[in-house]
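The structure appears below as structure tokens.
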Amino acid sequence: MKSYFSVLFTGGWSLIVGLKVTLKALFSPIVTCQYPREKLEITPNYRGHIDLVKFDDTGTHKCITCGSCMRDCPSDCIVVDGEKREGVKGKFCTVFTLDFTKCSLCGACVEVCPTKTLDYSNEYELAGTTREEFYYDLLKRVEERE
Amino acid sequence: MELFYSLLPELIRMVVCAVCGAVIVFGNALVMGYAERKLAGHIMYRPGPMEVGFHGILQLVIDGLKLMGKQLVIPKNADKPLFMLAPLLAFAPVFVPMLVIPFSDKIQGFDLDVGLLLILAFASINVLAILIGGWSSNNKYSLFGAIRSVAQNVAYEIPMLISLLAIVFMTNTFSLKEIAAAQSPVWFVVIQPLAFLIYIVAMVAETNRAPFDLPEAESELTAGFHTEYSGMSFSLFVLGEYANMFIVCSVATVFFLGGSSGIPLPYFEYTGIVWFLLKVYALMFFLVWIRWTYPRTRFDQLMNFCWKYLIPFSLVNLLLTVVLVKLI
Amino acid sequence: MSMDIEILEDDRHHRYVLNMGPQHPSTHGVLRVLLELEGEYAMNLLPVLGYGHRCHEKIAEYKPVKSFMPNTARMDYLGALIYNHGYAQLLEKATGVEVPERAEYIRVITSELNRIQSHLLWYGAYLLDLGAFTPIMYAFDDREHILDILEDVTGSRLTYCYFRVGGVCKDIDDKFVTSTRAFISRLRSRFPMYEDLVNGNVILQNRLNDVGDLNPHTCARYGITGPLLRGTGVGYDLRRAEPYSIYPKFDFEIPTATKGDCMASFLVRFQEMEQSLRIIEQALDGLPEGPVMAAKVPKKLKIPAGDYNSSVEAPRGELSYYLVSDGSDVPYRLKVRTPSYSNLSVIPEMCQGMLLSDVVSAMGALDLVIPEIDR
């Protein structure tokens, strides 16, 4: 009989305590960010899809078409090709494409690159209606970039 | 013709009452829909609807338009007539109780001698609508929701009635207006706190709101009895739910919180409605508040609570009241 | 699968089958459970798996061992770093690569952050199953801080690929240390709020107490590990039982409960968050200087012929990698023993005769991550 009433009181008190928590939250400031209207600053370490780095001294990338990234990629999403050209030491890169639909952002290519010409981009607002929109031509991207 | 003229004022009155009832039902759904989402948002540290209009104030209008534009999907093996009937049955009866609620001394559709009985009778039709909707959907989840709802509503109507009956014994009337008027010095919530508490719990269960939202129970039954409903038929259920909330809160206001009494305003016979609505929406706020605080109870616990605590307590309360009324 | 329904429904006409999932709010992904119900009591349950099967183990047999690292994160998206840890450890064991001490510290700190993050998500989602909508938002508010911290160092928010054979791919900085310390004090200050809002709530207590009873014997039969096992009173945690990495250096407790019901595992998980905070704190205090990658890791990692095993304590239990190598750099076979798979298999026994609502709370207590089961 005692527990019959004590349950009622302890239980009722726990419910009131819960109500206090939510009431306090009701008058607390909001913590969310209204995404398309306001944007949070993204960390510079964010790993987006890979991009060729534009070096200041040469004004372009430093890819030597060694193909390490292509070989190390777990998902086979990078295609690099080059040809021998006059006056250029090593190979001249003619093709560098990324199939971002397969990329798992593991970073193996960036780490293996001997000339540090691969880096992560900071783009995260990626949405498209077709698969082809995610086949990136990185050479074209590096030329278009400022 | 003479008969017509003699009836004309009454006819106009009926039409005005019906229109006002509809305005209250829809307006209340708009206000509560918006308030619920805003409050839920702020309780969860987020702003709630923000896009449509200033602070999302038009969100519910847009939602209504969207729901109206949607296709009414009827499941292949559903019992079609009953399936269509259920939302209407959930929605239509809520107009009648609006007629007898005394919003202020002068604003009331009809002052019936049996106002309370009318409200309770029409509020119960909601159960039937849920049962029909759940049954005719031909979906096991819906059926579960329907069965739970019937058991729950039948069980919780008892403590609700008994707790109100204590007030009826004290005032000796079923008329809502007279009950409201009977609390001129002190509100009945002071004299009958136990009845008030029991009524509040039963009220939450009657309207199928969390933590007693077992008929809907989305984590268990996906959406309970309205799983198969879409578009306008779904929104009729929602409108019905909010209207029912309004009705039970009005009854609580009339029975325990002194109806439209409060600090007198000019033309108080009419402006008393301000106090009335304030009390009703304070109770509604409480309903929203607990919905976004507690987990859901289990079905057997819900029933146990009703039969082990609410009904004995309300009976004791009733007995004590009767004895005291007789003595005094 | 329609055959299963027929089997269940065939000769017991007074019972009927409810098909829960693969799209159901409380199966947390593409798990399907067939329930044979009598009234609202579940008399028989049949979990149906495989909706999210991606052949991870088979994929491992087709590529160099190093390339499998990103796949480990996709198996359990909530404990990605811990899965990374187990796999990196496996390869280090097999090839004898020494991991610098600083890298081990970083691994432990990030893994424990990951564990808290996983528990916070479970906490919110479980209460969502039980019908409370608000706690998940509070839990996500805290969880978001962990994601921000980890994003700053690993570069991603969910499916991390941060650990490498021989260390980690990026060093942590002072900002990481200060923000982690800030997070520790923040989460500590939030625990009383969770206690008030959720743990003490009478409705929750009634929903969880005496539901889904397990005992150590049942756990042993099904191979149940993790908080569920610790909820039955067995203090089995790989961080203590078979210490790996630098866990022996830290002072922490293995929370246990005795009853073995949903409430027990609920409380064990809740207390584990605090213990993880303690580990992180000690690791931050003792963080040594030095490199974060072993100096000499061969580019082509050849695994000597033989079989290797590595186990770590994942948020949901014991995670083991078992690798058989024929001497090349591609494994002959990689077997992953994921905790959720074993934990799920107890459902038919655990939930027999339960109310439908209790089935939902029992399944939530298992903390299932479906991609980990299907993998």
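Just so it is clear, A, B and C label the chains in written order, and each chain counts residues from 1 on its own.
As a working rule, a contact is a pair of C-beta atoms (placed from the backbone, for glycine too) under 8 Å apart; a residue touches a chain by one contact, two chains touch by 3 or more.
Remember, predicted model here, so these are calculated numbers, not experimental data.
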| message | Farthest chain from chain C, going by the mean of C-alpha atoms per chain? | response | B
| query | Higher C-beta contact count, A-C or A-B? | reply | A-C
| What is the distance, in whole Å, between the centres of chain B and chain C, each centre taken as the mean of its C-alpha atoms? | 44
| query | Roughly how far is chain A from chain C, going centre to centre by Cα mean, in whole Å? | reply | 24
| remark: Rounded to the nearest Å, the gap between Cα centres of chain A and chain B is 50
| For chain B, what residues touch not just one other chain but two or more? | 43-46, 292-294
| task | Name the residues of chain C that each touch 2 or more other chains. | result | 134, 138, 141, 197-198, 201, 203
| query | Going by the touch rule set out above, which residues of chain A reach two or more other chains? | reply | 15, 18, 21-22, 25, 31
| message | For the complex, give me every residue of chain C touching chain B. | response | 16, 18, 24-26, 40, 127-134, 137-138, 141, 197-198, 201, 203-204, 206-207, 355-358, 360
| note | In the complex, chain A touches chain B at residues 4, 8, 15, 18-19, 21-23, 25-32, 34
| task | Would you mind writing out the residues of chain A in touch with chain C in their complex? | result | 7, 10-12, 14-15, 17-18, 20-22, 25, 31, 43, 45-47, 72-75, 104-108, 111-112, 120
| said: Help me check something: in the complex, which residues belonging to chain B touch chain C? | reply: 40, 43-46, 140-141, 144, 210-211, 213, 217-222, 292-301
| note | Residue set of chain C touching chain A in the complex reads 63, 66-71, 74, 134, 138, 141, 148, 151-156, 159, 161, 164, 169-170, 193, 196-198, 200-203, 205, 299
